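A quick write-up on the structure given underneath.
Labels run A, B and C following the written order; every chain starts at residue 1.
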Amino acid sequence: MTEEIIIAGFGGQGVLSMGKILAYSGIMQNKEVSWFPSYGPEMRGGTANVTVILSDTRISSPVLHHYDTAIILNQQSLDKFEKSVKPGGILLYDPNGIVHEPARKDIKIYKIEGTRLAAESGNPKTFNMIVLGAYLKLKPVIELDSIEKGLKKSLPERHHKSIPGNIEAIRVGQENVESILVL
Amino acid sequence: MDVKDIIKPENLVYQKSHVLTDNVMHYCPGCSHGVIHKLVAEVIEELNIQDKTIGVSPVGCSVLAYNYIDIDWIEAAHGRAPAIATGVVRVNPDKYVFTYQGDGDLASIGAGEILHACNRGENIVVIFVNNAIYGMTGGQMAPTTLVGQKTATTPYGRDVNLNGYPMKITELIAQLPGTSYVTRQSVQTPAAVRKCKKAILKAFENVGNKKGTSFVEVVSTCNSGWKVDAVEANCWMEKNMFPYYPLGDMKDSEKESPESFK
Amino acid sequence: MGDVRLMKGNEVIAEAAIRCGCDGYFGYPITPQSEVLETLAIRRPWEETGMVVLQAESETASINMLYGAASTGKKVMTSSSSPGISLMAEGISYLAGAELPCLIVNVQRGGPGLGTIQPSQADYFQTCKGGGHGDYKLIVLAPASVQEMYDFVELGFELAFKYKNPAIILSDGVIGQMMEKVELGEYKPRWTAEQIQEISGSWACLGKAGRERHISTSLELDPYGMEKNNLRFQAKYREMEAKEVRYEMFDCEDAEYILVAFGSSARICQKTVEIARSKGLKVGLLRPITLFPFPTPIIRELAGTVKGFLSVEMNAGQMVEDVRLAVNGKVPVEHFGRYGGVIHTPEEVFDALKQKLIGE
């Protein structure tokens, strides 16, 4: 199994940390992982993206231009990465702020109303975990148990009390993902 | 009385420091470096720290200082001696580390390194030999060259419109909270030599007491570069350099609280 | 398995320094390597192992702090990115001239000039062919993974002390910024004063006690003396060439065409090999791990059996010159690369291979 993912959105949406949790959880399942971020000025308030690879075998290139899954959290990223999804691959997006819907017909398209659900839950910070939940529903490459372990290892101890809330957010995401285009 | 009857241990009033090597110095007759080297060597001998002193020599006439003072030495790139001394003392805080630098090395190409080392209060001694000229490269303008002073690169005299003003870097250094002792001395008379030695001794003692940076400027002569004889050089220095670079302590943390500088 | 973490290449450099018993780090912030100094500042190793960490006022100062500390036989290092390494070039030449062991890390970005902060491999010439003045060589290690960033810190120090020569880890923005699984080694204590005496006591400036004074210098005004120094350096470099060449090969056994690539470019080329093999083309990859000493002998050997080499670098063609020297005209040697901070794709490399060598 090799899963090649791009996660893209605004800086501050938790793009990089979502990727980090996914990668750390992969390690908990003895997978090979890589996490390569966009870095530099675009981090600060602009767009942010990260390439995450999970694999059962040694990972060759950590830098990719075609992905099995694209997790898209704003319009700029949709414009930039829709074309990068491999035919038959998955595009998962949050419709918040999206004015031009994805148009490809050769990929599976799903949406998760992460922004709305997070706001309704009263904890907007769980936004990225809701989106992660939606992804895991579509691609159950990582078990929830590993996510919990991954969070424990990647978060400083003072944040451990937030782990149950994060796990709950993942469940919310798993339950609310909607299919837009099925091949 | 025969000479050999006089040369007896009980008649000994002065001898060369054993921290000085027997190498013949390459400095020009009349140059201040020889005297300053001697003072540094005597201080190291008196404090009995030859085995824990590390000198950092500059680029300039004193690049070969390591041939004359019998201690471990590191030869620096031009201007970088304070950074090198920082590296040495940070990983060897028990050593006595000093830099020995001229005006071109310290105040021109190495102005950044000296200000930052002093500002961090590195526990080192800086011996700054200011003769207002580049000696080794053949008498070009230094940052401390006086207004109107003729050098190889200011053949009609230093023009402030072209070259700016002589830099009083020691006054700048004295403003930095990291320094504990900042003084300006000279070595043109026996009295001045004795005073200068006291200053160098205090600077090295400060290192032993972990007081931060001690900075000793020695206003010096370069009769070759100035194109005058040795005696005339001393007179020229007293007449022209001392008014612009007045002698004396600028800062002594023993007398004033370092807080007052913050 | 030991202590396995998900870490950035830059963070791992800091962690490796602490764990391998490094005595001091002197550095200056520059993207994309600032996490090295930042991680050290968070870790506070001075409380844990006694390792000194200091933010210098410039790269010029950091390399000279390194020179001072290295002159005392301590295990010390610095890191920077391309423009900062240019500033250090003077000091690196002095370190090589004074034969001081130390470790330098370059997390390369695109140039020339201020350039970009995106990954590049355009400092190959600077690192392997000079950079500073004079006839000198650095021991050059090119990591292709976060794990190698970790491993090469200790290896770099080992080789630096073995040859009394600066070693450099030539990394880039990809390896520095990406996170991968890394297995951290055991803590090794810093050398004691007695150990330093034993390892470097014959030359280190630690205070003249009961011996001749030690002088750490690159200066020798007598040209015949300086020539003698140079002959000694050259003998040392030849010994490195004989003993320290490191490389890795993928699918080279039956290969007709070989990609030569180092660092992150080698990772990308591994994917190209996968693509080529999936299309039935016999393509292999040779990854130099040491760029100096360069794996000339194996390339020379392969030149007898393959149809051509493609040197793939994130630059306008630098390592390709060393590949050509090794191949010495036996078979075609071509270059492919993107410049100025652009990372080539595995597909682009595959297309270049077909166009330039296979002839499609």
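Keep in mind that, in the parts below, a residue touches a chain if its C-beta (ideal position, glycine included) is under 8 Å from a C-beta of that chain, and two chains touch if they have at least 3 such contacts.
Please read these numbers as outputs of a predicted model, since none were measured by experiment.
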item: Any chain that touches chain C and chain A; value: none
item: Chain-chain pair with the highest tally of contacting C-beta pairs; value: B-C
item: Separation of chain A from chain C, taking each centre as the mean of its C-alpha atoms, in whole Å; value: 34
item: Whole-Å gap separating chain A and chain B, where each centre is the average of the chain's CA atoms; value: 63
item: Gap in Å, rounded to a whole number, between the CA centres of chain C and chain B; value: 40
item: Residue numbers on chain C that touch chain A, as the complex places them; value: 4-6, 31-32, 117-118, 173-174, 177-181, 264, 267-268, 270-271, 273-274, 343, 345-347
item: Footprint of chain B on chain C - complex, ascending; value: 23-24, 26, 52, 54, 56-58, 60-62, 64-72, 74, 76, 90-91, 94, 98, 205-210, 213-219
item: Residues of chain B that touch chain C when the two form their complex; value: 50-54, 56, 63, 66, 70-77, 80, 83-88, 90-92, 95, 112-113, 116
item: Contact set on chain A toward chain C in their complex; value: 20, 23-24, 27, 32-37, 39-40, 59-65, 153-154
